[in-house]
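Take a look at the structures below.
You will see chain A twice below: alongside chain B first, and alongside chain C after that.
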Partner chain A sequence: MDQISSAIDKCFSSLITDTDIKNVNDRKEEFNKFKNTGIPSNKYENWKYSSLIKDINNFSDLTISKKKPNVNLKKNLFDFSHDKIFLVDGILHDADINEKGLKISQYNNFKKIGNNNPLVCLNNAFACNGFELEVKENSKVKKPLVIYNYFTSQMPSTFINFQHKLVLNSNTELVVFINNIFQNNSKFFCNNVTNVELKDGAILKNYSTHENNKSSSLFNFYNVDLGYSSNFEYFNYINNTSSCRDEININLNGENAFASLANLQILDQKYNHESKWVINHNKENTKSSQFLKTALHDSSHSVFQGKIYVNSIAQKTDGYQLSRALLLSDLAKFTAKPELEIYADDVKCSHGSSSGSIDEDSLFYLRSRGIDEKDAKKMMIQGFLAEAVQKITDKNFQQLFLNKLALSNEY
Partner chain B sequence: MTKSEDLIKKYKENSEYTHGFVTDIETIEVPKGLSEQTIKFISKQKQEPEWMLAWRLKAYERLKKMKEPNWQKPKYPKIDYQDLYYYSAPKSLKDQPKSLDEIDPEIRKTYEKLGIPLEEQKRLSGVAVDAVFDSVSVATTFKDELKKIGVIFCSISEAIKEHPELVKKYLGSVIPLTDHYFATLNSAVFTDGSFVYIPPGVRCPMELSTYFRINASNTGQFERTLIIADKGSYVSYLEGCTAPMRDENQLHAANVELVALDDAEIKYSTVQNWYPGDKEGNGGIYNFVTKRGACRGKNSKISWTQVETGSAITWKYPSCILQGDNSQGEFYSVAITNNYQKADTGTKMIHLGKNTKSKIISKGISAGNADNTYRGLVSIHPKAKGAKNFTQCDSLLVGNKCGAHTIPYIENKNSTSDIEHEATTSKISDDQLFYCRQRGLNQEEAVSLIVNGFCKEVLQQLPMEFAVEAQKLVGISLEGSVG
Partner chain C sequence: MIEIKNLKTSIEDKKILNGLNLKINKGEVHAIMGPNGSGKSTLSYALSGKEGYDVSGEILFKKKNLLDLNTEERAQSGMFLAFQYPIEIPGVFTNNFLRTSLNSIRKAKNQKELNAIDFLKLLKEKAKSLQINQEMLSRPLNVGFSGGEKKRNEILQMALIEPEFVIMDETDSGLDIDALKIVSNGVNALRNSDRSFLIITHYQRLLNYIKPDFVHVLSNGKIVESGDWKLALELENDGYGKYLN
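So, the complex of A and B:
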């Protein structure tokens, strides 16, 4: 543990001596905020079940490099027509944007994301990279925007800090698909913070995949502010990530705002994944939905901490939360903390959580119809997980993820 | 005044905290403060054997190194443990009464006011009562009859003297000395409580009951209850509590330990009606209680039922450790908070044995400026094959200044287990109210009826004698919260 904090200290002192770095004082302030807790321990309520921090504590050295590695960007492209952003090893590499109304720029200003989470403070102190994306008023972007996020095999850094910003002005629409590509087998720690601002009537559909990441420790943080009648849809496809924590903080600040979060997870070996979602209903007539489906093999571990907070003025709130897990091995673990904190009386809030094994009766039914055990199990797990894909409202992407699920070998 | 207004007035008069009287009797108290002296004094007063004192001092040593927890939702001002009295007993008890008739008439009157079946009523209701007044067990009724079938039902101080082998074996075996702050505090300074032992194969023929009352001001009440159900036995135990109205907050930190051996069943019911403080939130009891049951034997069962209507702050989690194969744990709870009351309550179900089952039904109701939190843990360990859990926690909000919170922790480490959790939050709908009012019920009656319906699943679990009282309490506690 001391090793990691001295490694971070070392990185920070070399960072602030760099002449290109701006806002040094603000960074120092944020860094001191981080130092108050350091890498949080399991004793903190919010990090109670976290495996990520254990993995971070195993780092003895961290390096930050500004070198741009060579990578063939033409590979791995999707065959449907889309706009592209390329991120390579934590640096905005290239962008190919043709749609009107979309404006992209290199993120280079220090913009603090106010949060007490020590890892967000750490990100505020270090982040020098990322992109800023703005959708101009009344533009409904037709083509999806795909963000290719490469972690290459020649990655020079082991400590990566991104900070992205997405602003959707009034009456806009955008579909973003984040395709994380891991070519790297060495250990690194990536801290990624995204700030999303949805103005009145804006609609953002945010999909992402997270596959075959064998060695990294990832921390992803989303902060989303929603205005009047805006809509945020989030879907994350997680298949074998070594160690990852996804935190999403949603603020429903305008009436009729709606946020829908969904996760599909397949984990095996010793992999672990945590989701910590907080939804703050701050205005009347706001709606939210949280939906998780998880299949756990081997000695994998999944954690879900979801919270619905309803302010006393947020009457007519509708909050929904469901997390379900299949435990497919004796060593797999599922931990959930579905929380409600409600201060308004005219609300409809419910949460459900279940975990268990494959239903023996259903398995028997399938086998009695001549399907062998392996296929029967596969069918049931796929059916179970596919429900999460149904939460996607964009038909093309729904199909894309269904195909992905069908082709997956992880059963 | 119209007839209905008259009725409301009458209803209101009846429904104030009616147990808020102080009994004027002489008490002996130890000098203030928590120290080795105090503990030695308590032990001496109770003529305890050496080993008991050593046990208490060990707890005290441990306590010195511990910190008060502060993760709970309802925060409270710091308690000055040196400003508390740890022992208070009615003086006339010094020369122990031999029978009920010898009891101080003042104390008897107190119990009559409370409506506890101590004398004539005892035959009618068939309840055996162990009444604890401040810190000392006053009288245990029906003792002889229970003795005939081998049931031991007495105060814990008596048990320490007369059944040391049982007490030594089980005391602290469910809630160890080294548990959390308040449990350890209790282990050091506990003054009295009940002790129950049901011998193998005996089905206790009547409901056993304890009645707690905090009378002296500035005292903490630290009672300790130990119930052991030997192989194949059954017992149902009731607990009720009240306290006089006082401006300052009083601490109540009890420990309750249950042990169920093979095929045994324990049913533990609580109706908690400590003084909740006035309408502005002054005074009231801090109810920081540790209750834990261990299903040690195969096929054993422990069932907790609680109706929590009183106390300024309720902070407790009656739990079950399901060690034996096929053992079962149940938790039924109604927690009602009104005005400035706060509750943080729930349960822990720890599944260790094979095919263990647990069921949690929790109903939280908050009104006024109250805060009501359900916090629970369901933990299935790797060896608990075929374990099952079902949890349902519903909250009802009356008014928009109160809060209802649900914080369940679910840990599943076994693939053959099933865990289900459900929670909803709602309010009393206008349709329901309209329907009731249309049929001639006034607003308060309608609310009381709807709330009683909401809690029905839990109230049904209470033994008859308590069910009626609990229903009334539910109505009274919400008094003044609507309209």
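So, the complex of A and C:
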């Protein structure tokens, strides 16, 4: 605990002595807010099951650097037609944008995200990098935007903070695919905050992958504000990410707004993943769906904390939540903590959670059709996880993730 | 084809089959009838190698000791069970499953695996002859299928795999009058001098369509009576009273 605090202290002192740094006073204020709590402990209800904080506490040395590594950006490109943003170790490196209505810029103005989460305060204090993306009114962007987010093997820092901002103005549509590419196998701590603003009638489909991250500790925070009739669709494909907490805060502020969150997770070894989702229904006739499927091998651990909050004025709220885990080893563990906090009387909310091993009768059925036990198990795991992919409404991406899932299952 | 000698099975100390003997030659169709709970499904599971049973006795299948083989090996060597209660598996798509199943069996037999196009052609043809809707096959396996649709899907699998020995566990229950004819035609089309059937049923009606060579009565885990197809008629009239003690 003390080791990490002094490491963060050191980083902060060196950050604010940098002559380029802006908004030093605001940063100091945020840093003090962080220091009041420090790295949160498992004693706090919101962090009770967090393995990430245990991992962070193991850091004894953190460094931040502005050196720019060299990467071959052409290497991992998808072969479908798309616009591109390249991030390298948290820094906007390059972009190739041709679609009309899209505007991208460096995120170098200090904007603090109002939140009492100490790790968000920490991000506010440190973040100097990221991008800002705006979709102009009435622009329905046809091609998807792929964000190639590189964590390079030459990464000069072990402590990375970045902030992104996405603003979709009225009557816009955009599909974003965040492709995280982990080339770095050494330990680092990445704190990533994304702020999304959806104006009336805006539709954002936000898909992402987190794969083969062998040693870093990730904290991802999304804040999403939804206006009238806007739509946020989130799908995250997580496959063997050593340690990660994904936190999403959804504010349904306009009538007919809808948010759908879905996670597909495959974990092995001692890896851990935690999802903390909060959906705030602040207006009438708003709708939300939370769906999580996780397959746990070895001694992996997955935590799901999903909350549906319904304000007293948010009548006719429709909130849905389901989390299911497949335990593929005696040592694998799933912790689910659904929460409902409802102050309106005319609402429809449902939640469910289950965990269990592979169904023996189903396995017998498949094997009785000549399918080897190993293949039958693979089929069942894949089938179990594929249900999360069904939540994707973009047919091309649905297929992309189904293919990815089929390949991932080859062990 | 198959010879069962003194087969005993129990599960968690509950004895279900108590020394069952049965021999089925190549090309024969045998029917088994018997009261609820007499052990008919248990026999089908024991033959297919379902885990969880204590099994003793001997089963020779094509002159090999069946008890040495696991479930998939039995299927790969020609055994097929049409389930009384086909299992629903969400997320596993029916046509994918059918292709994986067929190709696993072909591979085990050193036959060439079918590519997607050839498979679809074959599937279309078989589905058509059983009047199965294509749309159904793009849905997850048995999920949301009606009772009768599930049973037809079992027979479709049989038609695709063309196994040498077929066990049908109450395939007729849940089928409407027309479907019963369609399914029976499907079975009769596969009947030949190299293929054998063991048909478990409660109703003599099915046996009008698929005429068995032998009918057996299973009671308390044993075969207590055997005869020809007329035995089924007799049971239809008299019930099982005289076989229960």
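Throughout what follows, the second predicted complex is superposed on the first by the 408 of 411 C-alpha atoms of A that agree within 3 Å, B and C clash if a C-alpha of one lies under 4 Å from a C-alpha of the other, contacts with A are read in each partner's own complex, and residues count from 1 in each chain.
What we mean here is this: a contact is a pair of C-beta atoms (placed from the backbone, for glycine too) under 8 Å apart; a residue touches a chain by one contact, two chains touch by 3 or more.
Fair warning: this is a prediction, and the values are worked out from it, not measured in the lab.
J.: Regarding the shared-chain residue A:Glu387, is it in contact with chain B (first), chain C (second), both, or neither?
T.: After superposing on A, A:Glu387 lies in contact with chain C but is clear of chain B.
J.: Any idea whether chain B or chain C touches more of chain A?
T.: B
J.: Applying the document's definition of touch, where does A:Met379 land relative to chain B and chain C: first, second, both, or neither?
T.: second
J.: Which of the two partners, first being chain B and second being chain C, lies in contact with A:Asn76: first, second, both, or neither?
T.: After superposing on A, A:Asn76 lies clear of both chain B and chain C.
J.: Touching A:Ser6 in the superposition: chain B (first), chain C (second), both, neither?
T.: After superposition on chain A, A:Ser6 lies in contact with neither partner.
J.: When the two structures are overlaid on chain A, which partner does A:Tyr365 contact: first (chain B), second (chain C), both, or neither?
T.: The answer is second: A:Tyr365 touches chain C but not chain B.
J.: First (chain B), second (chain C), both or neither: which does A:Asp330 touch?
T.: first
J.: Looking at A:Gln399 after the superposition, I want to know if it touches chain B, chain C, both of them or none. Which is it: first, second, both, neither?
T.: neither
J.: Counting contacts the way the document defines them, which residues of chain A are shared by the two interfaces, the one with chain B and the one with chain C?
T.: Shared contact residues on chain A (touching chain B in one complex, chain C in the other): none at all.
J.: Sort out for me which residues of chain B touch chain A in the complex.
T.: It is residues 71, 382, 395, 397-427 of chain B that touch chain A.
J.: Can you check the complex and tell me which residues of chain A touch chain C?
T.: By the definition above, chain A touches chain C via 360-362, 364-373, 375-376, 379-380, 382-387.
J.: What residues of chain C sit close enough to touch chain A in their complex?
T.: 48-52, 70-72, 74-76, 80-81, 83, 86-87, 89-93, 97, 100-101, 104-105, 108, 140, 157, 161
J.: Could you list, by residue number, the parts of chain A that touch chain B in their complex?
T.: The touching residues are 45, 312, 315, 325, 327-357.
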